[in-house]
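Down below is the structure, laid out as structure tokens.
Naming follows writing order (A, B, C and D), and every chain is counted from residue 1.
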């Protein structure tokens, strides 16, 4: 029997860096218009790291503290979109350190909205835009790069236009069929770009818009059908994207039984349950695109 | 030595009720325009509840399950603003149950935004408006009622227009003074109304706007000064409000030292820390208004 | 109309300090037996802080950063029990800074257990003892001091020996009475000491033991009755404690209806619900003890 | 261009079921000794589910509500260890529903400890044993079954016996080398069994003990070295286990600089940071064992 090291990676997780960019009208700093980029960055490196595991020999190890410093230092340059910043970071670790064979950079961006004050946008005051996050995972190896971008915690709900019936039944079935229900979910979507020469902001804004509009407009016979339609809408419109993966909880809204109180409930009063919840995970892909499991 | 029961209250916490209201154009349900009200409701009752504590005699006890049912049943009527719904619930428990001497209803509302789809607002599809919550605490006793409303998780940040210097110094002082820093906080504000005949929606919208604009526009020498100015702005503009209480963490954004890497950092790259954090709590009140500690 | 500053306090919240104490057998450090004290400390100061609120004049302000430094510096001395450390901190802020009129120190301690390795206790390796926290809130003013200690997240459950029946009924009642149910709660208890000359460790260990044993042994007709009995047990046994306050959620375990599947369920299979939950809050006090609202 | 459905699965997540088993001494129920099993169960099914995605045809779909019912119904039988319960559930879904080609059951168990009351163990009263969870993931397909078990949130710390030096250095390195540091982590470990005929309880208890003892006793030159040694200890002792995967955050404990206050800090006072944190992920495997990626 021999025991050996299998798959492994390590890095600094969740460095929370906020980058302020001042676009001046000359003059005093405080007259300039500021931009803000709020990112939580995770670096994970894989490569020739057998020695440190087997004997504690750290010669090949870039300390995670150094990785954190690199995140801050590279953020000093204009960061651009998170995909661009992820690529810069991934290339940095790959090119600087010989033992590193794969650098993976995951970024979650908290968007901020400019405060409206006194009738116009404020030059340097902001509020959180919401719970939704913009995400990207950039993976760099010696001869390839992949960018998977996405969003998380996009909570959507429709109060009608959703049905659920005609499903398999057995001795454990008690759920009544319905032709009108509330459908709610918190979308986590990730889409894989086919190369790295992309208008990241445009692709993100449009993909997000298409998913939301499809959720709203598509009459739903199941959350699976809605999920597939959302992915299809993105792939049909965005040739730079090859694949979309979704994880969508079914956030159950149960019609409260008001009959004991002599009241009707025509899909008006709902109990929003936390757990358990349905969980629907699915991938929508182009047929003519090579798989890339390393990208995720 | 005698041991006795002191202050006590009980109730059902965090009933998550979603109320859908359909404002029809006649015809099919799905052509109607839907409204959504998403509330997490906590009921707490106080009164003559000695027996249950001392002997387990439940005769005076309204089960928390019944309270939950009442929340759902009363939500069947048009709920209106959360302050109105809170008042209806508080009055219900007080008038229905003789042993109840104080009913306190706390509601947190998750706002939803109508989805824009195909160029216009969708009639029945929504997305979460963000992490911010609208709150109210309604307290009803036999001869009085108080409404305290508020908001929580309103995260604000300004990238300049904030200083901190001239503070007390001693042997434990290491913080350098600054004339330009990032100021960030997650506002929890609660304001007490002076009566219950109020345009709740208007008062909320305007109070919120005034707090946000003050945060943005007021040049800050300390978070305390900003807090006070925010409360003052509300009290000056809204005669129906007698008092504002704030709890505002100082969400530190530390300037990263980039000198070891040969880089300057002119307030551009920040490390956003989680803990520890400053915490500023303060009340701004009208001088001519009687205190009402029972309201909070 | 005059607007003025009301109640206010500020400080550094959640400084997470870990203090290692090495009790040596002489010789190499690594042969010594180590002790660990893991505390999250919140300092809140009140006093003459009008100027900073009204004009941003910081002369009276001890920066929260300095407070954090003081926490670390004072932890260099042997910290002892959290009540002792809280008192040292409270006295420090009160005596060092003239504008401070009240210093409140809240500490949550994470207990660690020594790892058993190779048949005996390890001298310097530990594991988390659980989710339960030891808490204290020490309040110091110029002429008085109060210590309120407690525990949180002590989750208890009994599978029988609990009933609930004989309660008030009305049109919203649907809950069936029961003479045998699961009773579960996550105890948050806080007890007020009558002075500061106390064997803190002994008082804590015994109070905790009495509450847990009472929960287990007392046949329960309601969670209120259990709560009261837990407080009574502490007050009867511990003369140094004058008052106990509880906040105890009723963590509902619902008997699952297995009849549709042709199965009986004799209190064997439960669905453990998250929300909503009952919430029971109560105080048990000695009759002959003066109230001390400032202590909480 | 053709768009198609890729990988997908769905199910009911986080059904929180508590199973009470009464082992009687005859006589009254309340004299029996009760056992408690507290499980949060997630079911995920994959198979022939194209129709529901493409057209909303639900004929092949077992509703997640039915899955939840099955969890409750099967829990009515004696559940045994979570691995056994997972296998029973997985086999149930696979054998009952033709379209299902893979059933994956993930269970997290909250352990409870019997309360000691009046000098002995109480027959039916319990307290949470801590934050650590026992986990299992059982995967069943038509011709194979895999069991991966594990634990999460096992927080360990050693106050000495850990070094970190000799690592790669570059222009972004600022971390000083150390020959004595605090090492702390929250272990998430998962180990793959080589078949399903296992003494689950014994394997779990021993694997856990070996990991904890190795963490305590192994002098550490890096967290990677500790991780590998922990996995090696399990594989050497437990022939039924083929592979162990770890995810171990480096929970940094930074030595506080007390020099500005005229104090020495000989690894006594630490600041326990939340974020960012190092993250070490690694696999330890037997050389002679076939990989089984489907199991995870």
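By definition in this document, a contact is a pair of C-beta atoms (placed from the backbone, for glycine too) under 8 Å apart; a residue touches a chain by one contact, two chains touch by 3 or more.
Since this is a predicted model, take the numbers as computed values, not measurements.
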| item | value |
| --- | --- |
| Subunit B to subunit D, fewest steps along touching chains | 1 |
| Contact-richer chain pair [C-D vs A-D] | A-D |
| Chain centre separation in whole Å, for subunit C relative to subunit A (CA means) | 37 |
| Inter-chain centre distance, subunit A versus subunit D - centres from mean C-alpha coordinates, in Å | 25 |
| Separation of subunit C from subunit D, taking each centre as the mean of its C-alpha atoms, in whole Å | 29 |
| Contacts with 2+ other chains: residues of subunit B | 15-16, 69, 73, 172, 174, 260-261, 274-275 |
| Residues of subunit B touching subunit A in the complex | 15-22, 29-30, 34, 36, 38, 69, 72-73, 75-76, 112, 115, 117-118, 122, 124-132, 154-161, 180, 182, 212-213, 215-217, 253, 256, 258, 260-261, 263, 265, 267-274 |
| Touching residues on subunit D, where the partner in the complex is subunit A | 1-16, 40, 42, 44, 49, 52-66, 68-70, 73, 96-97, 99, 164-170, 172-175, 220-222, 224-225, 227-228, 231-232, 235-236, 243, 245, 249-250, 275-288 |
| Interfacial residue positions of subunit D with respect to subunit B in the complex | 171-172, 174, 260-262, 274-275 |
